Amino acid sequence: MLVVLAAIAVVVTVVSLMLGSNLISPAAVFTGLFHPELDVGAIVWGSRVPRTALGLLVGIALGVAGAVMQGQTRNPLADPGILGVSAGASLAVVIGIYVLGTSSILVTLWLALAGATVASVVVFSVAALGRGLSSPVPLAIAGTAVSALLVAFTSYLVLSDETTLAAYRVWVVGSLSGRTLDGAGAALAFAGVGMVFAIANVRSLNALSLGTELATGLGENLLRARIVGLAAVTLLTASAVAITGPIGFVGLTAPHIARALIGGDHRWLLPASALVGASVLLACDVIGRLIGGTAEVSVGVVLTVVGGVAFVAIVRRGKLATL
Amino acid sequence: MKRRTVIVTLACLIAVVALVLVGTVVGSSSLTIMDVAHTLIGAGTPGQQLIVVELRLPRVVAGLLVGIALGLAGALMQTFARNPLATPDIIGVTSGASFGAVAAIVLGGGSYAVGAGLLTLGLPVAAVIGALVTSAVVYGLSWRGGIDSYRLILIGIGATATLTGITSYLISRAQITDAAAAAQWLVGSLSGVSWSSVWPVLVAVLVVTPLALTQTANLEVSQLGDDISTGLGVALQRHRLIIIVCAVVLTATAVSASGPIEFVAFVAPQIARRLARSSRPPLLASALLGAVIVLGADALTRGVLPGEVPVGIITAIVGAPYLIWLLTRRKENLV
Amino acid sequence: MTLEARGVTLAYDKSVVFEGLDLTIDEGRITTLIGANGSGKSTLLKAFGRLLAPSAGTVHLGGHPLRDLPTREIARRLAILPQKPLTPSATSVRDLVSRGRHPHQSLFQPWTPNDTVVVDAALEATGLVELADRDAGSLSGGQLQRAWIALVLAQEAQTILLDEPTTFLDLSHQLDVLELVRQVNHDRAATVVMVLHDLTLAGRYSDRLVVVGEGRVLADGTPWEVLTPATLKRAFDLDAIVIADPSSGTPLVVPAVRS
C-alpha cells in the first residue's frame, strides 16, 4: 500500500512538473531534470522544480504534523491549526508586514517559525499546568482558545492598516505561486528536524492510542512523549506555513485517508500521511493552475473545496477508524 | 433545577441588567442614568434623544440578544455533541452566514460601511440564507439512517473549512475597499447596528428559547449515551433535529446582526457549566452569560478603550484567557 | 406484555447475524441468552429493546410491533441496560438513578413525590443508599453497575433487558447483581432477558437458556436441558462435563483438562 501511495505521489509530481506556460511531456521533464544546462532544463528548473519541490515539502510536513497531532490528542478533530500553530505563525507574519513592511520570504519564514513555536509552547504549558496529561481534551480546548486569541490580534492589526490588509489577504489564502527556493533551505532544515522528532515519536504514538493509562503501564514517559510530539508538530507546521501561508485540510484529512488505507500503526501511518499529504497538495496545485488559466486559483482555495468534498465522502463511508 | 444552577442563573441575570444600564450610559459622550431615564420617557434633549434611542439602545439591545442567542446555541450544541469543542460553527452555521454576507458585500457592490439601503437589508438576509442552506446541507450529508453526532461534527468541520477558504478567496479577489469592509464585518462588531437588524434576533430568541427549554429533560438523559436514552424513551432523532434547528436559527440570526462573534458560543456554556458545577451547560445561564460577555465587551470598547475596537476582538481577548485560566485552575475532571 | 420476535432478520453493516428468527420470551421468567463471542446475543437483545431495527420480520411487545409503538410508551414497559453507558460528570448517584424516571415524566409534570419514592426504593434495593450523594464518577466498577441497575429499576418497567450486567465485576458482586435480578423477578414478576457469558451463573440464575450461534437458535430450554456436553461442544467448541452444583443443584459446567 505504501508503494502504491508513493507511486501516486511520483505521478502527481511529474504532472506538476509538466505544467506551466507551455505543457511539456514527461519525457521532456526527465530530460530537463537531468540536463539543467539545456533549454528544457532551464524551464524545468526555473520555476517548476521550486514550486513542485516546495509543494512536496509542505504536503509532507502537513501530513505528518496532522498525523502526530491526532495521535497525540486522540482526537480526530485535531489539526495543527487547532493547536494555535497556524494562528501563531500568521500573527508573527502579520506583525512582520505591519512593523517591517516586509514580504521577504526569508524573514517571513523566521517570523512564522518564531510565532508558531511561541504559540505551541504557550498552549502546551497551559495544558500541562492544568490537569496533567492524561486527557487529550484540555490540550485541544487550550489550543482552540489560544488560536482564537491570536486570530483576534491578527485581525486587529490587519484591519488597522490597508497595506497590511492587502498583503495579508493574499497570503492567508495559501499559495505556491511565485515561491522560489530562497529560504527553502531553512524551511527544509526546520522540517527535517521536525521529521526526526516525528519519527522519534512513533512508538509513543502507538502506545498512546491504547489510552494514557495503558501507555504508562507499557513504560511510556507521558511528558516526554508529549514534548517530542509537540516539537514535531510545531516545526513541521511552521515550516509549511512559512512557505505557503496557512493551508488547511491537509493536516486534518491526510491522516484520516492514510488511516483508512493503511491502519492505525504509526510506523506506517506517518509515511502514508506524508505521501497522501504530498499527493493531495500537489494535485490541488495542479488543478488550480489548470482551471485558473493565467489567473490561477491558489492551492489553498482548491484544497478547501476538494478537501472538503473528499472529507465529507470519507466520513459518509463510515470507514473512519475512531482513534 | 439544582440550587447552585439557580443561583448562578440569577447572578448572571443581575449582571446582564447591570450591563444593559451601563451600556446606555457609557460612550463618547457620557450621560447619567437620569438623562437616560428622561430620554426614554421623551423628556430629554434632541441630542440625547439621538444618542440614546438611535445609537445606544439598538446597540445595547442587539448586544443583549446576540449574546443570549450565541450562549444558548453554544449550550445546545455542546450538550448534543457531548463534546466541549462543539460550537454552532462546527456544523457550518457561522461560516455559511459569513459566506453569504461576504458574497453580498463583495459581489453586490457598494461598501457596508456606507450603509447603502439595499445592502443594510440585504446583508442580514444573505447571512441567514447562507447559514440555513449550509446547515441543511451538512445535516443532510450526515444523515445515514439517522444522525450520528460524531459524523455531524466531522462533516460540519469539513463544510466550515471549505466555506472559510472560499470566503477568503472572495476577499482576496475583491476591490480593496470591499475587502476591507468584508474583513471588518467578519470580525464581529456592534457598531452601526440599527433596529432593522435587531428584529430577526429578537424573534429568534423569543421563539426558540422556550422551544429549547422543552428539551431540557431529553438533554439530561441523552448524556447517558444513545442506547440508554432510547431505552428511556427519548425520541432521539426528533430531539436532535429540534436542538440543531434551534441552534442554527439562533446563530444565523445573531451572526446576521453583528457579524460572527464566534468565541461567545464556545466560552459562555463552558463557564456556565463550571460555575454551576453541573454535568452539562445550563441553558439559561449560558444564554445570560453570553449576553454578559458581549455587553461587557461592548461597554469596554465604547467606554474604556481608545478607538473603535470591534466587539469580536474584545470577546476573544477577554474570553480566551479566562477559559485558559479556568482550565488550569480546576483540579476536578469536569471535561 | 409478551416480547417476541417473528421471522426476524438482523444485520450489522451488511453481515447478517440472524435470519428468520422466531423467539418468544416467557413472561415473568428469567431468560438468558448465551453463546460464543460474536454469536449475536447482544445484537438480539438490542433488537428486542428496539435499539436495532430488524431488516426483515418484526419484534412484538404485547402483540404490537415495536416500530408502531411510540418510544416513550415502550420505555414504560420495557427497560434496557446496554453494555457501555456513559457516566456524565458532576452527577450524584441519586441524580443518575433519577434519570430512570424519564419515561414517566413530562414537560408539565417534571417531578412528583412518587418519583422520589421510586428512586429511593431503587437505591434501597441495590444497596446504594449510603452512596446516594457521592459523585457517580467516583464509584468502583461494581458500585457503578449497581447504580445503572438502580436506574433501570427506577424505570419501573415490567420487562427488563440486561446486556452483560456482570462484566468487570468480581464474583461476589456478580452474585449480588444476579441475586438482585432474581429478587426483582420474584417481587415484581418482571420478565428478565439477559446476556451472560458465565455459563454456570447462567445455569444457576435462569429459568430458561437460549443458546445462539451460526445465525440461529442452537438450543432452547431449561438449564439442565441446554447445558449438555454436546451443546457446549457445538456452540462453544468446549469440551466439558456438566455436574450438579453441590450447593444449588443447578448445572455446573466443568471444562475438561487439556493435556
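All chains are identified by letter, namely A, B and C, in their written order; residue positions are counted from 1 within each chain.
Basically, a contact is a pair of C-beta atoms (placed from the backbone, for glycine too) under 8 Å apart; a residue touches a chain by one contact, two chains touch by 3 or more.
Everything quoted here is computed from the prediction, not taken from an experiment.
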**Message:** From the C-alpha centres, identify the chain that is farthest from chain B.
**Reply:** C
**Prompt:** Looking at every pair of chains, which has the largest contact count?
**Reply:** A-B
**Request:** Indicate, using Cα centroids, the chain positioned nearest the centre of all protein chains shown.
**Result:** B
**Fill in**
Cα centre of chain A to Cα centre of chain C, whole Å, reads 49
**Complete:** CA centroids of chain B and chain C: separation to the nearest Å works out as 44
**Prompt:** How many angstrom lie between the CA centroids of chain A and chain B, rounded to a whole number?
**Reply:** 31
**Sites on chain B at which at least two other chains make contact** = 333, 335
**Message:** Considering only the defined contacts, which chain A positions touch chain B in the complex?
**Reply:** 76-77, 126-127, 129-131, 135, 137-138, 140-142, 144-146, 148-149, 151-153, 155-156, 158-159, 162, 165-166, 169-170, 172-173, 248-249, 252, 297-298, 300-301, 303-305, 307-309, 311-312, 315-316, 318, 320, 322
**Complete:** Per the touch rule above, chain B residues touching chain A in the complex are 84-85, 141-142, 144, 150-151, 153-155, 157-159, 161-166, 168-169, 171-172, 176, 179-180, 183-184, 186-187, 262-263, 266, 270, 309-310, 312-313, 316-317, 319-321, 323-324, 327-331, 333, 335
**Request:** Could you pull out which chain C residues touch chain B in their complex?
**Result:** 46, 49-51, 70-76, 78-82, 84-91, 99-100, 102-103, 105, 107, 110, 137, 151, 155
**Of chain B, residues touching chain C in the complex** = 82, 214, 217, 220-221, 223-225, 227-228, 230-235, 277-280, 333-335
